[in-house]
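In the two complexes below, chain A is the common chain; its partner is chain B in one and chain C in the other.
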Partner chain A sequence: MSNELYRKIVEISGRNPYLCYQCGTCTAVCPVSVFMDVKPHQIIRYIQLKRIDLEKLKSIWTCLACMACVDRCPRHVDPGIIFEAVRNLVLRRGEDAVDYFKLKDLDKVPTMALIALSRKMTG
Partner chain B sequence: MKLLYYPGCTVKRNAIEYEKSSLAVLEKIGVNALELDKWYCCGALYSLAIDDLMKHLGAVRTLIYAQKKSREENTRDLLTICPMCFNVLKRVNKMLREEPEKLETISSFMDEEEPYKFNINVVHIIEVLNKKIDELKKNIIRNTGDTGVSVYYGCTVLRPKEIGIDNPEDPSIIENLLRKLGVKVVDNPYKSMCCGAYHILDKPELVYNNSKTIVEEAYKRGAKVIVTICPLCLYNLRKTIETFDKKVDVKIIYLTELLAYMLGLDHVLDKELIDFFNTVFIHDTKINNSMRREA
Partner chain C sequence: MEESRIGVFICHCGRNIAGTVDIKKVVEEVKKLPGVVYVKDYIYMCSDPGQKLITEAIKREKLNGVVVAACTPSLHYETFARAVEAGGLNRFRYEMATIREHSSWVHFHDKEGATEKAIRIIAGAVAKVSQNKPLEPIRGKVTKKVLVIGGGIAGMTAALDLANAGIPVILVEKSPTIGGKMAMLAETFPTLDCAQCILTPKMAEVARHPNIKLYTLSEVIDIEGFVGNYRVRILKHPRMVDPDKCTVCSFCERVCPVKVPNEFDRGLSMRKAIYIPFPQAVPSAYAIDTEHCTKCGLCVKVCPVKAINLDEKEEIIEEEVGAIIVATGYDLYPGERLKEYGYGKYKNVIDSLQFERLLSTSGPTGGQIVRLSDGKPVKDIVFIQCAGSRDENHLPYCSKICCMYTAKHALLFKEQVPDGNVYIFYIDIRAAGKGYEEFIKRVQEEFHVNYIRGRVSKIYEDEDGKLVVIGTDTLTGEELTIKADLVVLALGMIPTLDRDLAAKLKVPQDEYGFAQEVHPKLRPVEVATTGVFVAGAVQGPKDISETVTQASAAASKALQMLLYGEITREPVIAEVDRDRCNGCRICVSICPYDAISMVDGKAKVNELVCEGCGACEAACPVDAIKLRNYTDQQLHTVIKAVLSR
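For the complex of A and B:
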């Protein structure tokens, strides 16, 4: 199962997780890593080990694709792009990550936020 | 100077004052922005999965329509003021140019459109203002005195670095522009840290945490005004200030609102905002007069 997930992650991200040497730059520059239980470099490590438990990797939904780690990854593993691939694995099963009834101030927040959120959290 | 202009959803709905002030400033400095009569949602965030070509369609159609218009209007530049629209359109444009097989797949899906020939150049309003700095300088009628102004860039005009308008590690394009116009700029090391963006809808505490760092740092360094170019950053920073126990005396506005004020374009500004500007910026008419003479 994890082999198949690994193959798909590589295929739709176009990145090679094995190039990562765990320097931790991604976690250091991530503006939201304090809100993640499993940190960006740890997610990459789980993927390298093919221990891909999608339930455990919930912190991919906290990533905003701000590109801070992608711009600075010295090995072009580009965690932010790999996380998008992992998000897609979940979304393509038809499991959305957003409950529209629970969103706050939907009437006041700029439209772009709703579109961006829908893009990331629904398939 | 003539440009095609792509507005996007938010400037037509939640950031009307941003569009109004931007277009007025451009007009004043002799830039003719021709709004596209037909455009498609850019999708707000560029899709990062290689096989997810479907999500680029709106942006591709917009680029093709701009291409049609570019022949009629004789300009290849497509102006955006929303940084997310800028980011998506510019990245899609780059992807089409560098990966012909993807362009082919997308084109075969929409064969009613003319082929895209890569002749559109996506630009952000900051780049235009920066190019027209002399025109701006010439038309300034109010200065901002000794009041500290801090800049907040957000993410999407800077990253990824391949499409950014300035060095993402230490951007200075807006500060340099303001300094040349005589504004006292206060630096903020968090000027390109993510404010939390769309998580304001589902994880507001994350936005409050990040935006607090940004606002407090600018305030500590003496800024009375923070200028931004993103409607979502503006909303998030303002919303965060509301959550502070101790009120801070700092206001978040659009860069173009400040420029409109300095250019005397009061008809595009709220009366409340003009009153705020008049209070926060102590005017020295002598400096104003000498600046006019120089011009």
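For the complex of A and C:
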């Protein structure tokens, strides 16, 4: 199962997780890694090991898709792009990661944030 | 032409060939080939008894051609060529048929096909050898003198080795002194000897060696000729101070009004326009920085020995040498390109060579480690390894020495500031030299240095002038914020071999600009152009001991060539049929080695330069150039022989 997920992640992202040498640059530059229980470099590690438990890797939803890590990754593993692929896998099943009905104070959220949210969190 | 009497020797290579190729069948079929009078197979043809089979058969069977069907010429051409010669036959009347790499190894799943292919390969070799002409090696004279470019520890070592063997050396250094980067270092890993103490005696030795002619402030601008016979032109920039007269009294320096950043201290101090890089410089004399000198003449007035001449002009010197050693060294990767670390923006973010200068007792602070912003003591220090190295966005390769010198830096810091805190960000610790792992262990064990496996995301300065270093510890997975007084970047090594010089020397460069050796393992100091050798960091990142080893290797390679007294070259080269040549010059423009020139309107091949690549033969529109033993006619016969079964 994980092998199949792995294959899809590589296919969608076009990146090679095996190139990761666990330097941690991605985690260091990530503006929200402090809010992640599993950090960007650790997510890449689990993917590299083909131990892809989507429940465990849920910090991909914390990811802002700012791509700071993509800018700095010294091996062009580009975690941000890989996380995008993982999110896509879930969203393509029709499982949205956010429930619009539960959003509060919609009118107070900056439009950009709302657009980014729906782009990233919904299929 | 005498009748062909060819012997074919078929090797089993243990089971490597015999396990796939049906040797019996090959022997039978090869016996039927035209010109073949003798066929022998053996389990290991390259062994002593195997070689004897060849030598004896040549004599006994009066063979005038030999084919060895075995592995590849790159592995055993020479082995069998010697056996052939021992039998009294010219080595060019022998060919190898590669039936291992080209057949048994690649077709192990198809025994029949592999056997058939082996027979065809042998048939081709038999057809070729029967038309091969016996050739003699080409010989040429050698000028017994060597040019060494670059006066760092690599160039100095090579020059001294050669000079001590009695060979005259021309040493060309572009800065005012020899010594290179090693002169800037404080102490050196893994033994912590002081760099100056082991370097300056060597520099003095270079200076007084009767066999070494030293040109400082000089560059090689032109190289002509070929192996054994190079003519070089050296541009000598004006020093404006006569090194024979200068007594280094420093009166001139005191009166000079022009101040510029001192490159020897990597900008951490200022120097005058008339300067000596460091007190032990060789030659031991001041030099004028012509770019910044305003020619005010104050120094001329105070010089007690009248050593200064502001009108000195540059000079062009010509020298003839037999071999060239390139030892132009390295530089640090520009720190400004690592924007996230604030190098060039914050005074307290420095590079590793600047830190060496801070550690050096002859450095800008007399060896005191201080904050460059305000001269205050340093308590917390952060080192960042792989700054630029192992990074696809900067230098994809490992610079090899930074792990070790960073450990050294940490140790020397802790010796000076025992209650200080050291943090080293690293990805991997690479300490694979003799005594290196022990050195790292000592730093951890005795000095309690915090090695943090992770990277730094950014550095900024807070209101108190402390650097805030934010990074990740990948082992705990936690974010780290360290307040530091000084941050030292272990910047990667880049080669200093400019493309222009490399092109003139015909030294190929790899994708990063390092000089490309012929073979990384077996021929590490030779480059594709015969007679040119490389040594030191210009060939790849290296520490001092490796640099010195390589420099001695380059010197001994040059020595080998020079002591032999003449150069011998493979005679399998191009030959011009002067009656056919129409003087179109196409070959001249196509030859990658500049081996062809026009003499009396017709092409002429310089036998000592031609590498026998055959580009000219393919390009000649009137078929006037032929590669010896690779004529069109020969190749056609080979193709026919291969196809005719």
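Note that the second predicted complex is superposed on the first by the 123 of 123 C-alpha atoms of A that agree within 3 Å, B and C clash if a C-alpha of one lies under 4 Å from a C-alpha of the other, contacts with A are read in each partner's own complex, and residues count from 1 in each chain.
Keep in mind that, in the parts below, contacts are C-beta pairs under 8 Å (C-beta built on N, C-alpha and C of every residue); 3 or more make two chains touch, one makes a residue touch a chain.
Computed from a predicted structure; not experimentally measured.
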Problem set entry | Simultaneous placement of chain C and chain B on chain A, clash or fit | fit
Exercise. Which holds for A:A116: it touches chain B only (first), chain C only (second), both, or neither?
Worked result: first
For this session: Considering only touches as defined above, state whether A:L49 meets chain B (first), chain C (second), both or neither.
Result: neither
For this session: Could you read off the angle at the CA centre of chain A, spanning the centres of chain B and chain C, to the nearest 10°?
Result: 90
Seminar exercise, completed: Partner touching more residues of chain A, chain B vs chain C, is chain B
For this session: For A:P74, decide between first (touching chain B), second (touching chain C), both and neither.
Result: second
For this session: Would you sort A:T27 into first (chain B), second (chain C), both or neither based on which partner it touches?
Result: second
For this session: Would you check which partner chain A:E11 touches, where first means chain B only, second means chain C only, and both and neither mean what they say?
Result: first
For this session: Determine the nearest approach in Å between the Cα atoms of chain B and those of chain C after overlaying the two structures.
Result: 5
Exercise. Which chain A residues are contacted by chain C in one complex and by chain B in the other?
Worked result: 34
Exercise. Any idea which chain C residues touch chain A in the complex?
Worked result: 340, 386, 390-394, 427-428, 453-458, 470-474, 477, 479
Problem set entry | Of chain A, residues touching chain B in the complex | 11-14, 31-32, 34-35, 62, 64-68, 70-71, 80-81, 84-85, 88, 98, 102-106, 108-117, 119-121
Problem set entry | chain C-facing residues of chain A, complex | 21-25, 27-29, 33-34, 39, 41-42, 72-76
Problem set entry | Parts of chain B lying in touch with chain A, wherever the complex brings them together | 8-10, 13-15, 41, 43-52, 55, 82, 84, 155, 159-161, 168, 193-194, 196-204, 206, 209-210, 231-232, 235
